[in-house]
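All chains are identified by letter, namely A, B, C, D and E, in their written order; residue positions are counted from 1 within each chain.
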Amino acid sequence: MLRYANPKRFLDLSAALLPWLWLAAAGLTLTGLYQAIFLVPPDYQQGDTVRIMYVHVPSAWMASFIYGFMFVASVVGLVWKHPLADAAAKEAAPIGAMFTAVCLITGALWGKPMWGTYWIWDARLTSMLVLLFLYLGYLGVWAAIEDRAKAARAAAVLCVVGVVNIPIIRFSVEWWDTLHQGPSVVRFEGGKLAPSIDPSMLWPLLIVGLGCTLLFFALLFVRMRTEIRRRRIRALLAAQAGG
Amino acid sequence: MSAFLALVRRDLSLAFRVGGGPFLGLAFFLTVTALLPLGVGARLNLLGEAAAGFLWVSAALAALLSLDRLFQADAEDGSLEQLALGDLPLEAAVLAKCLAHWLTTGLPLALAAPVLALMLNMPAGGYGALVLSLLVGSPVFSLAGAIGAALTAGLRRGGLLLSLLVLPLFVPVVIFGAGTVTAAINGAEGDAAFLLLAASSLFALVLAPLAGAAALRIHLS
Amino acid sequence: MSAFLALVRRDLSLAFRVGGGPFLGLAFFLTVTALLPLGVGARLNLLGEAAAGFLWVSAALAALLSLDRLFQADAEDGSLEQLALGDLPLEAAVLAKCLAHWLTTGLPLALAAPVLALMLNMPAGGYGALVLSLLVGSPVFSLAGAIGAALTAGLRRGGLLLSLLVLPLFVPVVIFGAGTVTAAINGAEGDAAFLLLAASSLFALVLAPLAGAAALRIHLS
Amino acid sequence: MGFQRVEIRADGIACRRGERLLFRDFGLTAASGTLTEIVGPNGAGKSSLLRILAGLLKAEAGTVAVVADGRVLGRDDEPPSGLMHYLGHLDALKNPMTARENLAFAARWFGAAHGIDAALERVELKAQGELPVGYLSAGQRRRLALGRCWMIARPLWLLDEPTAALDAAGRALAAELIAAHLAAGGTALAATHEPILAGAAQAMIA
Amino acid sequence: MGFQRVEIRADGIACRRGERLLFRDFGLTAASGTLTEIVGPNGAGKSSLLRILAGLLKAEAGTVAVVADGRVLGRDDEPPSGLMHYLGHLDALKNPMTARENLAFAARWFGAAHGIDAALERVELKAQGELPVGYLSAGQRRRLALGRCWMIARPLWLLDEPTAALDAAGRALAAELIAAHLAAGGTALAATHEPILAGAAQAMIA
């Protein structure tokens, strides 16, 4: 594992992987969305607005998933002090913030026809907003600390602490009576996975979800490559300055 | 004038450098706006009626939270003496610092207010009044706040003392501001409240540099 | 133990010396409690229902306002190094500072809450739950706050960044806390919310010293 | 670039801090072209005297006058503005801003006679220009503060231990800067525990 | 009152601040009973070295070991606790608290060998004991910080410009305190720009 965690190796490996990643991400996402828009029948309750779900739900998943990813990267960065892990966490954050924003915006747009209002201070919606703040705070720490090594460690501590918010988002629907609906995909009955949603609606959702995951890694790799090159340039400049 | 602008620019760049500038103020505004309804319970109609008040109170608190370091940092690193010995009178320096503070807190809040009002479900009809009242009224938070900040600059943990000093000065502004918006929502004439708000702002504009500079001179000696 | 208590006592005496100690926290609590109804418009029935939420939110803000200096002062005058080089681990120092902070903010607020609740016309039946929930929950404000304060200790104008960092950690506590009181008022079973509150508090008690000390070590190096 | 030649006169100054009278009947005349070293043991009141001369602290008794061609400048109870540099124990630098940005602000706040690059070069901080001041060493900060005085032409320098934290080269540099200032007709006063410039006048605070 | 005799050994230390490598391959052994003066120009990395020795800053490379009777104390990557004093450029005093209160806290935080009155007397601040530290002069603050080191018995003193802001008497006092510490079997390292004690070893940082 650590063999591939060397920046040089990462550059080579990611260069080879990236075209395929882009291709798969675009293919899956577009297929899923195509099915969602043209093939899935309108919901018997929600009509055509249900199609928002195919953006809303995957981006909600991604928002949590990316935070989890950053959590793992931060722990690795803290424990093994690996610069690549720091870079991964740092570069994932803006992508996560973006997915969170997409989830919030699509949710708000969906809320107007469904609940009659764009926003309501319900537990899940609020905790999602709080997740956006966590992302912003994380980026804020990176921006506020000049020394990169220090910033990396401080941001990692924040990320690890902030992970408590993830289960709150997850369980908020069950802890409080809320307007937002409960889990219908990742749902357990008698210890078995038992989605309560029709397969014809489920499949496109899962396809878009997978596509977004690949999209995330593609974006992440591009950003990390830029970051690694930026670091090299800085190191070169410093060496030239005779430091 | 160039010295005045230099100070404004320095404070802005310090705010951007270490504090994230206006974005941080915005984020705080958002957070407080999120906390209040959570505690209170999110009944929509109740929230909508109270929205203008909430927003004005959050604006006051956001200003307050960033005020305590307004002069503290300068006092602690010796910059205050340099400001006092410039060619401009200390009053101008206070005004410049207030301007920079308002540009990073009050102004962005005023501009972002409609979004937050939407989130709190504020009735239509109040949006224009909300932005206008915040634009006119929020400078008081920076100006009156500067007086308190100057008075507490020498003190550690001045934060809480500061809030005690300035919150009474903020109270009328919050009342006038929220009043202006409520009047607009109800279609009533809100002129009285708005005029009082504008008057407070002008009054603060005149008074704050004088009082602030006087307080700083006390601190210096 | 004697070193631990010495640090608690030092921070308490610093708070009393320059900040007015618990009285200032109380006064702030009072002022915010006064400001909120002003902005919202003081229809009593509306207020009474929302009282528990108001009080919990004010408690969070009062803690927040005094948090930013928790480690900042020590970082700026070189005391942090002395704390790091004592015989006690840095974690214990963080815990001691949290305790002192809670004793000057959280505890007095919890004790004074009934009076404020009365002013806000809170329905009877919630008073016991209010005090108890504040006693159990408000330490989280000091503890989780300490993590944020440690992270921003090196930064000027860390205040606003601090609020961005810790408010997400405060949100669940405010929800659980206000929930406990509301449940008590409605005669419902509030056990779930209260247990979650207690759990958050315990969790923070374990996590905060570790994370806070880690953040301080980053700042030191 | 040029400035007025001024003289500073203090007469019968008494200084009280709290209940304690630090010194009284202190007089001094510092003419253009001279450095006056203010000496005395720790806590004698050197820093307090400099703050009084700068108009930052009120004297318990006595008068301070800044004089040009026999004419007293400034209003009665306020020192004239735009004539002096005050460099205290603290360096008055903003940690988050780079060395260059700190100088750039000072240049526009006071109006500069020299360029920023020239000033950085003068105090040998060329390589540190883009570094946030918080990262500089104690001596580098002091150099930067001295560079600020050099960059902005003002006739009267009030320096509180200007050579604190400086290495041998830095002390020589400080002496050079002060000597050049005097040669240009400036006036300088410095509280210090070690001689700064050979031949400087000494004012003792007991 | 007594303490262990310790030796501090640094080996192959490299120090990086930001992108810049300040120094590398720095080694030093400071035995019990000796003062090592760390010298070098401004910005060379003296303060950084002291922080590395104190375990406050991570070295880029190299090892630091505190040794007693040939046995290395402390865990692998962490310096042993309870053995050293670190006095930085800042005095680590609380302005709102009096001199006496500052010492009282330090005595309980570290565990003191001498009384507070004795310490105040030792650094000639008897008269200032009840004054808030914020009112003290720069030199008085430094004395108080030195008094804190004297009061608390620890074998290893890491001092960053201990004589900064001190007058002649204060410098003599600092030298005395250090000499007494050495005589009691202590070890001392001091970053400095002026000789502190005749016969001290010198470690040069280029």
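The criterion applied here is as follows: contacts are C-beta pairs under 8 Å (C-beta built on N, C-alpha and C of every residue); 3 or more make two chains touch, one makes a residue touch a chain.
What you see is a predicted model, and the numbers here were worked out from it, not measured in a lab.
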Next item on the list: Indicate whether more than half of the residue numbers at the subunit B-subunit C interface occur in both copies; give same if so and different if not.
Entry: same
Note to self: So, comparing C-alpha centroids, which chain is the farthest one from subunit E?
What the structure shows: A
Next item on the list: Just list the two chains that share the greatest number of C-beta contact pairs.
Entry: B-C
Margin query: Using C-alpha centres only, name the chain that sits farthest from subunit C.
Written below: D
Notebook entry, point to check: Rounded to the nearest whole Å, what is the centre-to-centre distance of subunit A and subunit E, using the mean of the C-alpha atoms as each centre?
Noted result: 49
Item checked: CA centroid of subunit C to CA centroid of subunit D, Å -> 45
Item checked: Inter-chain centre distance, subunit A versus subunit B - centres from mean C-alpha coordinates, in Å -> 35
Notebook entry, point to check: Which residues of subunit E are in contact with two or more other chains?
Noted result: 18, 89, 95-96
Next item on the list: Could you list which residues of subunit C touch at least two other chains?
Entry: 14, 18, 73, 76, 155-156, 158, 161, 164, 167-168, 171, 175, 221
Margin query: Quick check on subunit A: which residues sit in contact with 2+ other chains?
Written below: 126, 130, 133, 136-137, 140, 144, 243
Checklist line | Footprint of subunit D on subunit B - complex, ascending | finding: 2-3, 5-7, 9-10, 13-14, 17-18, 73, 76-79, 81-89, 220-221
Item checked: Residue numbers on subunit C that touch subunit B, as the complex places them -> 14-15, 18-20, 24-25, 27-28, 31-32, 34-36, 38-41, 46, 49-50, 52-54, 56-57, 60-62, 64-66, 68-69, 73, 76, 155-161, 163-164, 167-168, 170-171, 174-175, 177-178, 182
Note to self: So in the complex, the part of subunit E that touches subunit A is made up of which residues?
What the structure shows: 18-21
Notebook entry, point to check: Of all residues in subunit E, which touch subunit D in the complex?
Noted result: 17-18, 40-47, 89, 128, 131, 135-140, 143, 161, 164-170, 193
Next item on the list: Spell out the part of subunit A that touches subunit B in their complex, as residue ranges.
Entry: 117-122, 126, 129-130, 133, 136-137, 140, 143-144
